[in-house]
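Take a look at the structure set out below.
In order of appearance the chains are A, B, C, D, E, F, G and H, and numbering begins at 1 in each one.
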Amino acid sequence: MDGELPAEAFLRQVAPVGIGDTGDAQVDVDRDRRCGFPEVVFAQGKTAEAVERIFHKSLEHGTDVFATRVSDEQGGRLVAAFPAGHYNPIARTFRVPPREHGAPRRVGGQVTLVTAGTSDLPVAEEARETLLWTGAEVRMVQDVGVAGPHRLRAHLDRLAGADAIVVVAGMEGALPSVVGGYVDSPVVAVPTSVGYGASFGGLAALLGMLNSCASNVTVVNIDAGFKGGYVAGLIARNAALARSGVGREGHPPT
Amino acid sequence: MDGELPAEAFLRQVAPVGIGDTGDAQVDVDRDRRCGFPEVVFAQGKTAEAVERIFHKSLEHGTDVFATRVSDEQGGRLVAAFPAGHYNPIARTFRVPPREHGAPRRVGGQVTLVTAGTSDLPVAEEARETLLWTGAEVRMVQDVGVAGPHRLRAHLDRLAGADAIVVVAGMEGALPSVVGGYVDSPVVAVPTSVGYGASFGGLAALLGMLNSCASNVTVVNIDAGFKGGYVAGLIARNAALARSGVGREGHPPT
Amino acid sequence: MDGELPAEAFLRQVAPVGIGDTGDAQVDVDRDRRCGFPEVVFAQGKTAEAVERIFHKSLEHGTDVFATRVSDEQGGRLVAAFPAGHYNPIARTFRVPPREHGAPRRVGGQVTLVTAGTSDLPVAEEARETLLWTGAEVRMVQDVGVAGPHRLRAHLDRLAGADAIVVVAGMEGALPSVVGGYVDSPVVAVPTSVGYGASFGGLAALLGMLNSCASNVTVVNIDAGFKGGYVAGLIARNAALARSGVGREGHPPT
Amino acid sequence: MDGELPAEAFLRQVAPVGIGDTGDAQVDVDRDRRCGFPEVVFAQGKTAEAVERIFHKSLEHGTDVFATRVSDEQGGRLVAAFPAGHYNPIARTFRVPPREHGAPRRVGGQVTLVTAGTSDLPVAEEARETLLWTGAEVRMVQDVGVAGPHRLRAHLDRLAGADAIVVVAGMEGALPSVVGGYVDSPVVAVPTSVGYGASFGGLAALLGMLNSCASNVTVVNIDAGFKGGYVAGLIARNAALARSGVGREGHPPT
Amino acid sequence: MDGELPAEAFLRQVAPVGIGDTGDAQVDVDRDRRCGFPEVVFAQGKTAEAVERIFHKSLEHGTDVFATRVSDEQGGRLVAAFPAGHYNPIARTFRVPPREHGAPRRVGGQVTLVTAGTSDLPVAEEARETLLWTGAEVRMVQDVGVAGPHRLRAHLDRLAGADAIVVVAGMEGALPSVVGGYVDSPVVAVPTSVGYGASFGGLAALLGMLNSCASNVTVVNIDAGFKGGYVAGLIARNAALARSGVGREGHPPT
Amino acid sequence: MDGELPAEAFLRQVAPVGIGDTGDAQVDVDRDRRCGFPEVVFAQGKTAEAVERIFHKSLEHGTDVFATRVSDEQGGRLVAAFPAGHYNPIARTFRVPPREHGAPRRVGGQVTLVTAGTSDLPVAEEARETLLWTGAEVRMVQDVGVAGPHRLRAHLDRLAGADAIVVVAGMEGALPSVVGGYVDSPVVAVPTSVGYGASFGGLAALLGMLNSCASNVTVVNIDAGFKGGYVAGLIARNAALARSGVGREGHPPT
Amino acid sequence: MDGELPAEAFLRQVAPVGIGDTGDAQVDVDRDRRCGFPEVVFAQGKTAEAVERIFHKSLEHGTDVFATRVSDEQGGRLVAAFPAGHYNPIARTFRVPPREHGAPRRVGGQVTLVTAGTSDLPVAEEARETLLWTGAEVRMVQDVGVAGPHRLRAHLDRLAGADAIVVVAGMEGALPSVVGGYVDSPVVAVPTSVGYGASFGGLAALLGMLNSCASNVTVVNIDAGFKGGYVAGLIARNAALARSGVGREGHPPT
Amino acid sequence: MDGELPAEAFLRQVAPVGIGDTGDAQVDVDRDRRCGFPEVVFAQGKTAEAVERIFHKSLEHGTDVFATRVSDEQGGRLVAAFPAGHYNPIARTFRVPPREHGAPRRVGGQVTLVTAGTSDLPVAEEARETLLWTGAEVRMVQDVGVAGPHRLRAHLDRLAGADAIVVVAGMEGALPSVVGGYVDSPVVAVPTSVGYGASFGGLAALLGMLNSCASNVTVVNIDAGFKGGYVAGLIARNAALARSGVGREGHPPT
């Protein structure tokens, strides 16, 4: 049956989709229904005014608000405009707790967040804020880089049974491989730009993680704490929904 | 309480761990218990004899057998040695169906495997073989590269409700971003070396996927059909276990 | 009016789109109407059988046939299967003259194809075959690399008045900049992998062309004779349609 | 007839060419006649005085004035020196409307300018200013990145019938491929340095665009809003001249 | 005897290991016993408070203190908090002489530190401070880059008999090869980011050293004065222990 | 005392140095005295005849013979010409046992050679052959990659007390960091080109090792089993000489 | 006097220039007069027939013949067609001694050609053949890599007084820096692809030479023995002409 | 006669060589005799005091003084300390005219310095200052980038007869190829970091120049105006000495 759309697909395509137009931005207010979480604002390179307009548009549509790469200047303005919001200057995130605008608290699973060193903190914080926004419960294992091998082993119980594990590491980026060898959870590896010289801004850690000999390791962009947290949070949410017996809405994507 | 191991961790460390020694290889026969799936053999650069020895060692320990990057020469030898095995020369994989050596069929979830073009077939086949080995049920959406935008939209129903989605694409590697915008599943992006010139052996696709503006996209190595299938299969297995009400074994990792 | 589709867009989306399904490929038989030219087959990495199936599907839908990166093996098979077709082993292209299957000859404009050296011939031939397929009239200026500066100047009249100019060059890739300084046509620069050492497979030429100080130079992939010819042919076709007073169909894209 | 120049070419070479010498710069005051538009000044790395001298020399020769990469300091000085000029600090451009110095308004075609996100604004503005300078009519489609796939589809009518389309995108740079699949216009892709980590200052977007599977996509340098606008404006101008029945001057290039 | 740990290894694993927990950092206070020297703090990207907490924790455990990549701000704070400490602002190191907290002076060997140019001083100073901390005796040969070939030859006697040689060089990084040809000591090459243009931040020197035709040259990271000094100091310490007839503790690693 | 050479240095410079001239090669027959081991022949890119001539020249001067990167063709010829020699086709090395030509057996120390996987065997064999040539006693720990973390721990006793440790690993190259955390020996890391995709021929492993967070890790070139073995053998020889109470010859270098 | 050509320049531009047209190639038969040497044919990627046609065209115009990158197949054909020619299969060059076709022997200067190792021979041979073709007298210094530092010093007299020095080296490419420090001649450095691993096909040597701390070192492409020889031969020819009191023809360039 | 030094070489080696020791720097005061010009100071990364000390040491030995990469702070201090010196803040050079300290004015040849654009001025100035220091007579051809092709042709007479030509260009770096095609002089190409995006800090220009199809082009480092000027000045000096009938001192190098 070449070239024809099945009726079901037809209906999906003609359904009105949610776009919130702020003049210069097209806010994807339908994303929560389609993708499980609302749209997140990448604040870098936007004016504070533009970010604020997007926030208002999201709130109008009953969607909660989360932004990353928020500069100090943007953060100050957003705190003033949305007093109930939470600005984390180390993570450079801004979020408004879901309760404020009536959204039900999300169902979240269990995620363990592992860091190689204390210099990786800003990226780890971005991941942690994102995980909290997704509704996940977060267990921390900090400063367990591979050159002190007994440090990770002392915390193996915090890895057990996690729906997903996020590992944040710079320099040679070896920690995800080691973590991956201990667990039956997917490991989302976040390379950081911590290092110097032939780290090449995190390239060494990125390549190390991509070439990980542990089969359960996938990778996101350098310093992408947000994306690491998002994917782990999504995996955990889906597992939690499965455990709850509810499952995800059966809706096919639009 | 600096420097002390909790008793629980102590016990885990002293438990005899499973290592199958073949002389030149240390087969990790404990991995199934620890990581959810048995060890997989990376056959590239090994002699056919060495691969065969590892297979025998695995079977001795009651573990099933899966190998990737199997050359034609290795494949011929393995087919002769293990007649019940399945050799896929396009995927370059060899596996022995679990039933042969008594292992229970694995609980697997639902994974959709999407390919951008027919030239990506070998990598997609490696992913598909891996997914089948993990026990997942696989739905295929083939040849839906982004420059023919209605092709993907005609198959959106096959994306809906998947536990995980694997997207295999070369050239600019844009397909995972587009797929990611339609679904609430994690998307595991597998860049391929299909292309020429400034594709630089898949680097363009890899970078494109790492920089995906879709938040639910993680990435594995270039041409890593195996790893893409493995991680998606692991996510799907964990979701299926959650749905079954059994959950994963509560064991903490060793 | 957030989130609503205008009626016109609605109608476009529900129109049946043309997909020719060959089992493993989704042939985009609607592309001629949408994009001005039919789909072109990238034969590299496909089996000869798969290419042949795609050709039959295209011909069924009344679309003519053009393939690039055709290997000798594929070429032999296609010549046998489609005797009216034209196989150019230097260009590695295969096309069936439009007349054979009743398509009207395309309206084409005027394109000048310039090459830096005789070693660039295979890429230039791919561009020339593509241009002929688009219906363009092609003027050639060959072997006029920048180190023999009077060679290009002796052929300036062939550059004048072209709707588009394709410049194929390897090594330092300087020729498009020099050509660009003489004309009021867009220049499509095609870097080639001709060279050695720090040419890095055409990277030097690519970077040179991207950094061209001539404002009218755009760039395609290394060795992408096809794409260079395609874009130039498309610009020329649109100009020819404009000159003819007919213009392109007013249809908005689907 | 080796080694001889045809008479026509001879005459072209001996015609006095227009060079305006400012001491340290050779202003190409003949470029309008030869290339369709006057020379544009790349202000970066020049002193404000040098830019001003070039402007005066251009105006002396009856050529209008356009400069890019104008710093705040240079902008302030130029605004003071040329009060009728238009300084766009986001685009970092300065132009004097053609009318001021008697030049006829240029014949321009129709160009659609598409952006992936609001962070791409500075590059898009440089493209827009350049397009206006070329005389083109510009339609905008903003913030339609590929991860919100319905956003572009809601604006397909603005793509239809354009003489050329400029697509400005950072991160994975996938938008030109998607746009290219909908239209029969040439697409000029402008990668931006928007992103972080493995974006490598726009390299990811650049490579993605160069490897685009859409055949009608050509590429310019990273953040080269000017060049994207220039080439699109040139294609549109030539098409508009063709539609007007006048055509370009028949002059062969010099 | 697959899968069993020998008793000796068992005992090692169950021994309480030294971890000093500061809240966000896990100080490896067992490292001196295990690795020959205490843990060194990489101060970059840490808050001054965090560094200070780690120092206190180390001193509590009777370990001496050494930190690298200490910023001016961190340095000021540490000098105030630990008046007996030595802050070297050129090397960006901070160390507390071992005597202060009762540790026996370390047994150190003989190391020669060679620099190519005076611009390499900061990296060389980091290496020298590290060597002094390891207890090594350091001989200096400064500013003997290869283009003044008699300069090195005038100081060959300072190379003779060293337990290890550290060579610090930027630009083309050729000096280690030349030094290596004169001696029977291991040469630890430290590439620096001194240079410009195609030095690419020290990449040229790094690659040069990795490709050294002298067989006794190994390499550390760009600007890694610390690591160069550490490894040389460790080799020298082991040699000095061997000469002393005492040798290293026979303990197997944990 | 600017510009003067001390008498001692003067004498060293005027001493006749040992150069064995074969016509096209200058054999450095003095290297044993100067550098601790005789010159080693890099056979790649040389004709078999040239290698044979160099061997004869070395033997004439009483120096023993060792060559690396010996091709099958070269190997066959050398075996025929030097029947007492030992050709290892996996390591691609050829050496003549020192006893044959009367040289005293070298004093060697204790080196542990660790490999991540069985695919790294050729590089490990080159290292092992080199170590044997240096006189070192070699302990092997094979196939202990980081994703099976208990495999290395089962062999920690073979790491203890080594004069130097060579770690051979491809893919992400994480093993040296983990080994380094257990020992007080210098670790010479040898990255291999084992891997695929973003391994980029061993670049990932190389960068990972250069950025190792373990302070005692230095690095040699990709696949440089020879250099890894050489440096480790040199460190071990010097330690063994120190233990023997003899020490190295006091001679300053020439 | 903006925009006018001086009369002298006018005359030069209108002079008939020498182009020999072979159909697909434009032979620059005027180059000898303009550039000091005739055009050289880059045979790579050309058919043997095309090379032969170019040779005939050159000989017709009284120009002698030199080709590089001549494959074995091309070489065989050329030897048959031009029996007086000299084919060097190691250098992959073909030249016809000038005497054959009546050209006067060129005035050449004195060039020293230095190689780092015997594996660099093919590149060095290409340089030597080129130098002989330019008329230069060539002194050889072979196999004097920097790790055997006394080898170069033993041949310093062959460096003295050269009009130019060509240094051919792979691996770390350090030799030009060392040579440069001894002489008052320009040093043309030719990096070779000899090496492995992080040599990256000669990139390491190239970067090393570009960053040379010796001020008199310039660089050509990797493996560009031809260009190294050409430039050195040109410098030497000009010096020889100066010494002869004749000087170069006073002609300004065309 | 293996291993012996000829008497002549012996004498050269034992001659006292000129090293001026400033404590942390070894000033090569013998370089003028050996290399034709005195040592030049690379001021970057040195303290102003260190530069001043080196200057005093050079003047003590009767050598004149030239420094590059002089910062504003260093420049201010040097101007105060050496009032007769000439500080060029655009070139960032400092030199003391030779006459001041009695050195005879150098014999210099004729060099033409060509620039592509006015943004390349700082690098061109560094080259010009260096050329003047070498004693060369400098002719300038400015702002003749390849996209305005008649601009260079209007100044061909300034290229004729030069002993060497320095071409300074950024962006695509095509100008040296075009210049090279007109002349029988060696062309020293200096890539600059002028550009943006895929210029990658001058890499594009560098690669373009290395791959130049003009045989007489050699290359120096990015932004290396000094080295470009130095080598051209050296070639010109040697030619001028040849023309003068004096020639260079016959001394062999030391």
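Basically, a contact is a pair of C-beta atoms (placed from the backbone, for glycine too) under 8 Å apart; a residue touches a chain by one contact, two chains touch by 3 or more.
Being a predicted model, the structure only gives us computed values, none of them experimental.
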Work out which of B-D, E-F or B-F repeats the contact pattern of C-H, with more than half of the residue-numbered contact pairs in common. B-D
For the chain pairs G-H and B-D, which is connected through the larger number of C-beta pairs in contact? G-H
CA centroid of subunit A to CA centroid of subunit G, Å: 58
Centroid of subunit E to centroid of subunit G, CA atoms only: how many Å? 47
For subunit C and subunit G, what's the span in angstrom between their mean Cα positions? 38
For subunit G, write out the residues touching at least two other chains, lowest number first. 5, 13, 17, 19, 30, 117, 148, 154, 180-182, 197-199, 203, 206, 210-211, 215, 221, 254
Can you list the subunit C residues touching subunit H in their complex? 116-117, 145-149, 171-174, 177-178, 180-182, 195, 197-200, 203-205, 207-215
State the interface residues of subunit D toward subunit H in the complex, per the touch definition above. 17, 19, 24-26, 28, 30-31, 39, 42, 44-46, 50, 69, 191, 193, 201-203, 206, 221-224, 254
Touch list for subunit H against partner subunit D, complex: 117-121, 142-144, 148, 150-151, 154, 194, 196-199
Contact footprint of subunit B on subunit A as seen in their complex: 5-6, 8-9, 12-13, 34-37, 40, 153-154, 156-157, 159-161, 163, 180-186, 188, 206, 210-211, 215-221, 226-227, 230-231, 234-235, 238-240, 242-243, 245, 247-248, 250-254
